[in-house]
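First up is the structure itself, then whatever we jot down about it.
To keep things simple, chains are lettered A, B and C as they appear, and every chain counts its residues starting from 1.
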Amino acid sequence: MTYSLTWFLRPFTILGKYSLLIFHAFVSPDDFRTYRKNTFNQMMRIGVESIPIVALAAAFSGAVTTVQVSYQLVSVFLPATVIGSVVAPSMILELGPVVTGFILAGRVGARIAAELGTMRVTEQIDALEAMGLNSISYLIAPRILAGIIMFPMLYVAACAIGIGGGITVANLGGYLTTQEFVQGAQDFFRPFDPYFGLSKAFVFGFIITSVSCYMGYFTAGGAEGVGKSTTQAAVMSCVFILIADLVLAVTLL
Amino acid sequence: MIRLEHITKQFNNTVVLRDVSLDIPEGETLAVIGRSGSGKSVLIKHAVGLLTPDEGRVVVDGANIHEVSYKELRRIRRKFGVLFQGGALFDSMSAFENVAFPLRTFTGKPDGNIRSRVEACLEMVQLPDIGKKMPSELSGGMQKRVALARAIALEPKYIIYDEPTSGLDPATSNHIDELILSLNERLRVTSIVITHDMHSVLAIADRVAFIHKARIAWSGTVDDIHRSDHKSLLDFVRANEYVIGEQTSASEVSLHP
Amino acid sequence: MKHSKELIVGLSLAAAMVVFVLGIRFLQDVPLFRSTYVLHTHFESAGGLSGGSPIRINGVDVGAVEHVRLDTDNRVSVRLHLDDNLHIPEGSHAEIGGISALGSNYVIIFPAPQGNPPISDGGYIEGVSAPDAFEAVTERSVRLTENVEEALANANLLLEDTGLLIGETGADIRPTLRALREVTDALAQTLREEQESVRQIIGNVETVSGDLARLSGAGTDTLAQTLHRLDQITVHLESSLQMLEGATHNLDEILTKINNGDGTLARLLNDPTLYIRMGSTLGTLESLLQDLQDNPRKYLRHMDIVDVF
């Protein structure tokens, strides 16, 4: 095989390796019982412990959007309620899932990759395997499960807190009252939006955890390799979130 | 019975093992010696199927471990206890939990039984009171002993030790050697010991395989070593003995029991 | 606290579910906990109505549309969620209000007198399909153009006759000229009337600007543009009106001269100035006609506001 052909086929090799990893993670139901505790641990770490940072980011993005929308759109023709009409759907459709996704790509993605990478280079993964455990299921399934269960939860929190942040700034900054904001948000509300946002969160949760697991699980090259995997996990999670965001928007909207 | 047949393995065009064959009969302790980076660790990873050879096969109790299903492979692996070079303790768990982990995962025994078994294992490695400590709080040698406790917790049929005594003080080294010996004698454990500590080899091994330049350059019984005229082997052994000679007299005692 | 982790995870998931469900109900403007008063209705056309669209009585929000579905017979079935404390009397009807092009549609309920028994929960309320405000504007502008074109076509016919008559010496031009004047008057009248209706339309548009105002910045611009164009049309119509009035004035002069006695046909025909003026009058009318006939859609295009959006 020539070098250029190898180079050309590399992405497919990676895709295949990644898919098989995910496949093996879930196709070993025999000792699933043992993973229950792990899954709860990961849900705790990935989900519950991420609430503060997600809340912070969501509150600020809601607040900033409110201020900027008022700056951009308010004119004699438009009532103040238009701010609510823009901020709430932005939060629900785009900012909620994507801000949560980016924050967690850094927080959760890097953490997963560092954990698994360290386990790889210190032979802990080999130790699991040598004991007769399915290390892929044992390590990866709980993390992905925790991701796809807890991300939608974080998304809901992000939306609620983001809209709350918007309302707070609207009131404090004198842009519009809570009633106007809520009125605006209600006028242009489509019930499909939150479900769309929820599906985004679900997909992003899967992307971040699975990509980071891949990066971490196949770490090579000692401490430096762990550092590389950690960075890659955060960066690639963000890239795939953006791609998935577009694909979902094109296919579902 | 573990048989390695004509194993050849290369990484990135570097041949690490070339046509390596080894038989480890039931109840025997095989010491694999050789310089650092000579492929000893690679060899034992083949024995438990963590690595797949480019050529050759590994047969454990009559089953070719590269042909059986993954589920069957994992069942076979449960007959093994592996002590990794760096210990490979799970750093998210305390020492106690590390030792308890295989017991909890595979035996389903009640907590009380597991607790007493873990305490017995930690006692065996002379670390009775460190159960609550996390691996990061333990020294390298202590980590390795906890890892040994974990490897023997399930009373495996086969134990593979990757450098069990490196980094340990001589007294502890001796103790570990004695532990390996007693396991072999009491439980009829079949062992592979990877080491470059000739003192250990002489203490515990029935047979010795010397890996040099990706091949088994020499193999034979412990007593054969001194009668051998294999130059590389003798160089290796002498370098080692010189170091051993520098050590305490305690090690001399067990050299010729 | 052996189960604390499970408990915390479970609690946060449960909290998220509650927030999600209540959040949707809240944003749909459905009362969070109380049950709602549900009504069904049918419309010929949903006109852009969707789930979540508000329901109003006399301009007050009283609930939200739950969903809009197409029936098997292609009629639009709409389910309405109203505040629980409302009682819509029998005989009330619902209409779709707002501007579909702007997506700010709502259902208006016109309640029947309170004396009627209330419609029960889950009952049916009659849906009346009223034309959308912008559809009405468009329809009106088409009608206006048609009127103008019709009047001008009549004038054209008459002018052709006049031309023929002028060619034939000895014929009495007076009845023709009188008829011409009548037509011109009629045309002027039409234009004047339609000018009023254009003003009315503009007035209507201004009243719906409350809805328009909810739009984004781009919407504001197009709204301003629309109003500007409507103004342009008015100006256009006014200039046409002036041209027609000028023509009428010329005809008046001719008629006066004829009536004064010195305006015999021979004299008329021999007087070059009068002839030229007559010609230029016809020319003015004809150029106006030409304009309208060559570009029959010109006025319509100006009026075609929907294109703007």
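Simple rule for what comes next: contacts are C-beta pairs under 8 Å (C-beta built on N, C-alpha and C of every residue); 3 or more make two chains touch, one makes a residue touch a chain.
Model, not experiment: these values are computed from the prediction.
Chemist: Considering only which chains touch which, label the overall pattern as line, ring, star, complete or other.
Modeler: line
Chemist: When the mean CA coordinate of each chain is compared with the mean CA coordinate of the whole protein, which chain is closest?
Modeler: If we average C-alpha coordinates per chain, A lands closest to the whole-structure average.
Chemist: Highest contact-pair count belongs to which two chains?
Modeler: A-C
Chemist: Distance-wise, how many Å sit between the C-alpha centres of chain B and chain C, to the nearest whole number?
Modeler: Spacing between the chain centres: roughly 90 Å.
Chemist: For chain A and chain C, what's the span in angstrom between their mean Cα positions?
Modeler: Averaging C-alpha atoms per chain gives centres 49 Å apart.
Chemist: What whole-Å value do you get for the distance between chain A and chain B if each is reduced to the mean of its CA atoms?
Modeler: 43
Chemist: Out of chain C, which residues touch more than one other chain, so two or more?
Modeler: none
Chemist: For the complex, which residues does chain C have touching chain A?
Modeler: The touching residues are 5-6, 8-9, 12-13, 16-17, 19-20, 23-24, 26-29, 50-52, 54, 64, 103-104, 209, 212-217, 220, 223-224.
Chemist: Could you list, by residue number, the parts of chain B that touch chain A in their complex?
Modeler: Listed in rising order, the residues of chain B that touch chain A are 45, 48, 50, 70-71, 74-78, 80, 82, 84-86, 88-92, 101-102, 105-106, 147.
Chemist: Within their complex, state which residues of chain A touch chain B.
Modeler: Chain A residues touching chain B: 28, 30-31, 34, 115, 118-119, 122-124, 126-127, 129-134.
Chemist: Report the residues of chain A in contact with chain C in the complex, numbered from low to high.
Modeler: By the definition above, chain A touches chain C via 40-41, 43-44, 47-48, 51, 72-73, 75, 77-79, 81-82, 85-86, 88, 149-150, 152-154, 156-157, 159-160, 184-192, 194, 198.
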